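Take this structure, written in structure tokens, and hold onto it; I'll ask about it next.
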Amino acid sequence: MQIKEFLKKLSEASGVSGYEAGVRELVREEFSQYADQIRIDTMGNLIALKRGEATQAPRRSIMLAGHMDEIGLLVTKLEKGFVRFSTVGGFDLRVLPGQEVIVHGRRDLPGIIATRPPHVLSPEEREQTMPLDKLFIDVGLPEEELAQLVRVGDVITLQRQFTELAGNLVAGKAFDDRAAVACIAYCLQHLATMKHSWDVYAVATVQEEVGLKGALTSTFGLMPDIGVAIDVCHGNMLGVPEVDTVNVGGGPAIAFGPNIHPLLYARLVETAKAFEISYQPDPTPGPSGTDAWAMQVTREGLPTALVSIPLRYMHTTVETLSLKDVERAGRLLALFIASLDEAFAQALGLKSE
Amino acid sequence: MDSTEKLFQNLTEAAGVPGYEGEIRAVIRRYLEPMAKIEQDKLGSIIGVKRGSSDSPRVMLAGHMDEVGFMVSLITDDGFIRFVPLGGWWNQVMLAQRVVIKTSAGDVVGLLGAKPPHLLEEEEAKKPVEKKDMYIDIGATSAEEVKACGVRLGDPIIPICPFTVLAPGKTYMAKAWDDRLGCALFIQALERLKDQPHPNTIYAVGTVQEEVGLRGAKTSVYNVNPDVAIILEVDIAGDVPGIKPEESAIKLGKGPTLLLYDARMIPNLRLRDLVINTAEENNIPLQFSAMRGGATDGGMIHLHNEGVPTVVLGVPTRHIHSHAGILHRSDYDHALDLLVKLLMRLDEQTVKGLTL
Amino acid sequence: MLLLKELSEACGVSGNEGTVRQVILDAIRDRVDEYRTDALGNLIALKKGNGKTTRKVMIAAHMDEVGLMIMHIEKEGSLRFHPVGGIDDRVLLAKKVLIGENKVPGVIGAKPVHLLEPKAREQVVKFKEMSIDIGVSSKEEAERLVKVGDYAVFDVPFVELGGALRTVKGKAFDDRAGCAVLIELLQDRYPVDLYAAFTVQEEVGLRGARVAAYSIAPHLAFALEGTICDDLPKKGDTSPTTVLGKGPAITIMDRSVIADRRLVELLIDTAEKNGIPYQFKQPALGGTDAGAIHLSREGVPSAVVAVPSRYIHSPTSLLSLNDLENTVQLMRQTLARVNDLDLTR
Amino acid sequence: MKELIKELTEAYGPSGNEDAVRETIKRHIAGHVSEMRVDALGNLIALKKGQPQSGIEPRKIMLAAHMDEIGVIVSQIDEKGFLRFAPVGGVNPLTLLGSRVIFADGMIGVIGRERPEKPDEFPKIEKMFIDVGAPDKEHLTRKVGDMAAFLRPLADLGQRLTAKAFDDRIGCAILVQTAQELETTPHDVYFVFTVQEEVGLRGALTSAFGVEPDVAIAVDITTTGDTPEAYPMAVSLGAGPAIKVKDRGMLAHPGVKNWMAETAERLGLPYQFEVLEAGTTDAMAIQTSRAGVAAGVLSIPTRYAHTPSEMVDYNDVQNAVKLLVGLLSGPVKI
């Protein structure tokens, strides 16, 4: 698998929270090459199992979670031949005006997010962010035709063009968190060339952007011994203080804090150091806001960790990351998994039934 | 794609911010050359001369080649690019868009960075980002890298928005309709008149630097020295939610528009009536518009010499001065018909009559 | 009482409760029948009932306290930090803190008032504008003493103030007071299986209690808290949340739970029968582990009993030992009766 | 059915005090279900056992409507016997001024307000109080923690009805009516009347864990966009029950959504799709129960939600019952 090609496919696919079917097929295709078993649960999570070599009980398992849903829009109302919409997931409304979109009606309709032109706005209005109810989508259809092709509740995705920048960086939509899905695929591919005794559940979760829902239910269903979430974190960019970001291209960020089991953090760091994979520590004082936050408190709880890929302009159509970081994160996870043994399980105090 | 759509694609996808019209000029030249004698003024405006059955009257058709864009103004140490707008940009439609920097070393793709919502203070989210605070990210990590990519101060920057046929097949989305559409009109007008005798000589002019002050119009009009002029422009469609009729009554698909006045020009009334009659006689739908702000090349051209009878023909376009605009094919076709019919009627007699 | 001092002075910011857990473990090891630590760090101890018991009762007190985490070290060696749990920016300025395992002392600083515009003096300084000074002059020097990710707590010694209410002052009475009460309760046996859950991460979202309740699956539960006590003189007709010295505070409803009415009645009845003072906590304020426990599995009837304590979530808090002891009394007597409580509907 | 609706909406039941509502419902569904139980939090869980039908895969279906309503809770009592209070659930202060409230024991109070500093000042709940007509504190039987609900009888406007607590007694009424009209079903249908929805979907969370359904449908209210200058929204009163696509808290399971829409079309019942910007329902909590539940919502378009005068269209209500009966009689297609 080529990370760039796979990420491009994922990024340009449509999979707004709750409607991940489109992107899920791509993931299934890719994961099934490395998995012994693959299934989809009630919520729509894609769960791939790659068995470990362990022969004697207790059989241990690790769950890798990266979410495949993306933030998007939803049709709320048709008005005078234009589309009113609502957001799914957290948007900065300021990036919406002028964006190209695709309205997934009876067929896909390209269009743009528009608002009253500046020519007719009062100076005050120009100084305010356009609220949601002042924005609409123009697909260039007359009222009657629009009504035949589009219904309330139809999904809308933003511009899907994948762009290569200088220095091994790429830009596109939904890298949050499809980059993690690509990273997991790369990890599985890598694992195929190694020995590992623990079972690996590679889970592409759904509905993370609307409340970590896929992780909540899939973890309950699988109840692995430990869980690792892969997500994106804020990369360095103009106008944002250093303390809030890590460097794009500086290697995966390994989180620690209340959401992270100290021993998992330690093992990840050892692994990175041992194999000279550059990484960045990522202090996370409160809620990590990732699938790991949900996984940790499932049933009687489990040790969790979080590996993040530095990313600029999160939740815009020009999310930007370094392919090198994705690859590094994938390798790190594979090596980490290969290092898991019963001694480590004991150290974590895992039950042995 | 029919030939018109192909023409639209070639014209709108070409680069040409004010002062940097080289690329678009080449495209237009390719289309004009088979039909007309090509001249150029010293500012870069291109002029296609097509003689009909008579040298006079001299009819000037003007559409501007330049589009709104940006220019590299600063390269930061950590490799981000600051820019200045060329032409009137509205800051609210700029964030998180893709752009191409046209460098001596070729095209460099970049994007306008936008702070993630997660890191926004509540107050901050209420205020639009100022242009001066925006920047372009080409994926470089240092000023050196940026320069290595060939980017230099002053390099022009244009939006990325490929020509797209929208769902109904009758509406198109693209950048730079303002005013590649005008260019398309004079090109196809000449094509139609190729083997028709028209009682005049047509000067089809693609002007430069309209967006920064009608500059190309001022120079090219000297070269042409017209007896009558028709400005071909986009017009603001007002049929979107939230626009009141008194702000703009123009609707997409309801025909071309005739500009009754703008900030810089009042049309020649007889010429105006000629347009209206021609439209009625050929039952071509026509809408009327009036702009309190804004102006067109006509603002310069009609003041040439002792004055030049001038009108502005428009085609309704939504969302101009942003990355992507939308227009309707039938409006364009009607505008073209009207223009051609008009050119057939502008003989010496009629034109003299305009100013008696 | 002495244990309260030890508990209060131990450092246990959410996610880093190890030290507190150790203090508690040493205290209860010989009092309980079983104990274990789970994946999040909850300490769960079982005190079996007197044989003929039918009910599992969970009592939770959380070990964690609000504090700070070191996020970034500036070139000149000052430390940027982020609060862990809800801390009011206003209480941070000019406080002494202890950082990391080795308790490196530091002071929270900001721009001196002299340099502030008159207008700025009116405004609250945001924690993002503050930094911790540990007396070093370079990043390198700082890194020898602390590392990014270290936890920091306020440096506040435990002091007895005495007086009729036998007040004491110290840090983290929310919820070390609850821990102290729970440790006391483990001395006796009751006609129920008592599961004492010393929980983690309450301050970042009731997370320890949630998983503890799931694994214990109790029939009913109590949360022990050190609760808001806003009884200072103030203008207008607004009565206090709780009053210092007026006895344990019983919650009827807070942001996280509507207490089970049957348990509330039992508590009130027990208090009155035994002449133990009690008060109601003003409704609709705050949240406790009970919020997570009562929603566990198919639901768990839950109630909250709290020791009033002034200035919680600030460096120093204050409580009355009388209230503490009365809370122990009330719980003891209640546990003696809870097995017979009719829970059918 | 109007009698049932009247009885239910006028019952007293702020969050945590649903007993009266629960007893009323028990009375009406007794005999129409196979078994009933009340769980630890007070949810009423009634099961209608399925009769196996050839060719139809039996599923475990949970229908949820919440019994509780918004209200107020006494937070303090001053010397003169005025009761200060805090909200229970999302109470808009504007709707309190001049309202009457009623306590569990039938005591009635009116809500008063401190003189505002500015006449146009937005009323704050901290500056309001309940006056139960007590001369002073001594003669007052109330205590801190007592809850009160709006007092407002149902008014039958003919086609439309207005009352307090249509949120979500209308849902309860619809479930009761469905239980009565549904003769047989191939599925095990759990009619669950939940508690404490208004304070955080708490009853739904625990009852869903207990029931462990395959499919769940919450029946609750939604707001409309058909009043003057309303927020742009496609839902309007009388256009049929609304099938939820999304609200603040959840995205409905597309399968359940389509199953409802297709059934409505098959039965020739009017329906509309709903995208709600604010608020959520029990379905949010049910959806993520255990390993996940395919959950949807059937909404009754309701104007003036969370005021003492909510308004619904009687046709929407009856069509909702018809749709539910239709859904439960046939196979589950998701």
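Lettered A, B, C and D in written order, each chain numbered from 1.
Criterion: contacts are C-beta pairs under 8 Å (C-beta built on N, C-alpha and C of every residue); 3 or more make two chains touch, one makes a residue touch a chain.
Remember, predicted model here, so these are calculated numbers, not experimental data.
When the partners of chain C are compared with those of chain D, the chains appearing in both lists are A. The greatest number of inter-chain C-beta pairs in contact is found between A-B. Averaging the CA coordinates per chain and comparing them to the mean over all protein CA atoms picks out A as nearest.
Remark: chain A and chain B have CA centroids separated by 41 Å (rounded to whole angstrom).
Averaged Cα coordinates give chain B a centre that lies 58 Å from the centre of chain D. The geometric centre of chain A is 35 Å away from that of chain C, both derived from CA atoms. Applying the touch criterion to all chain pairs gives A-B, A-C, A-D, C-D. Taken in their complex, chain A has these residues touching chain B: 79-80, 82, 90-95, 97-100, 107, 109-112, 114-120, 126-130, 134, 136, 138-142, 145, 149, 161, 163-171, 234, 236-240, 244, 249, 289, 312-318, 320. Those residues of chain A lying in contact with chain C across their complex are 241-243, 256-261, 281, 283, 285-287, 296-303, 348-350. Chain C makes touch with chain D in their complex at residues 237-239, 252-253, 258, 261, 280, 282-284, 294-295, 297-301, 343, 345. Within the complex, the chain A residues that touch chain D are 17-19, 41-43, 45, 74-79, 84, 86, 88, 132-133, 151-153, 207, 210-211, 213, 216-218, 220-221.
For chain D in complex with chain A, the touching residues are 225, 231-234, 245-246, 249-252, 254, 257, 272-275, 277, 287-288, 290-294.
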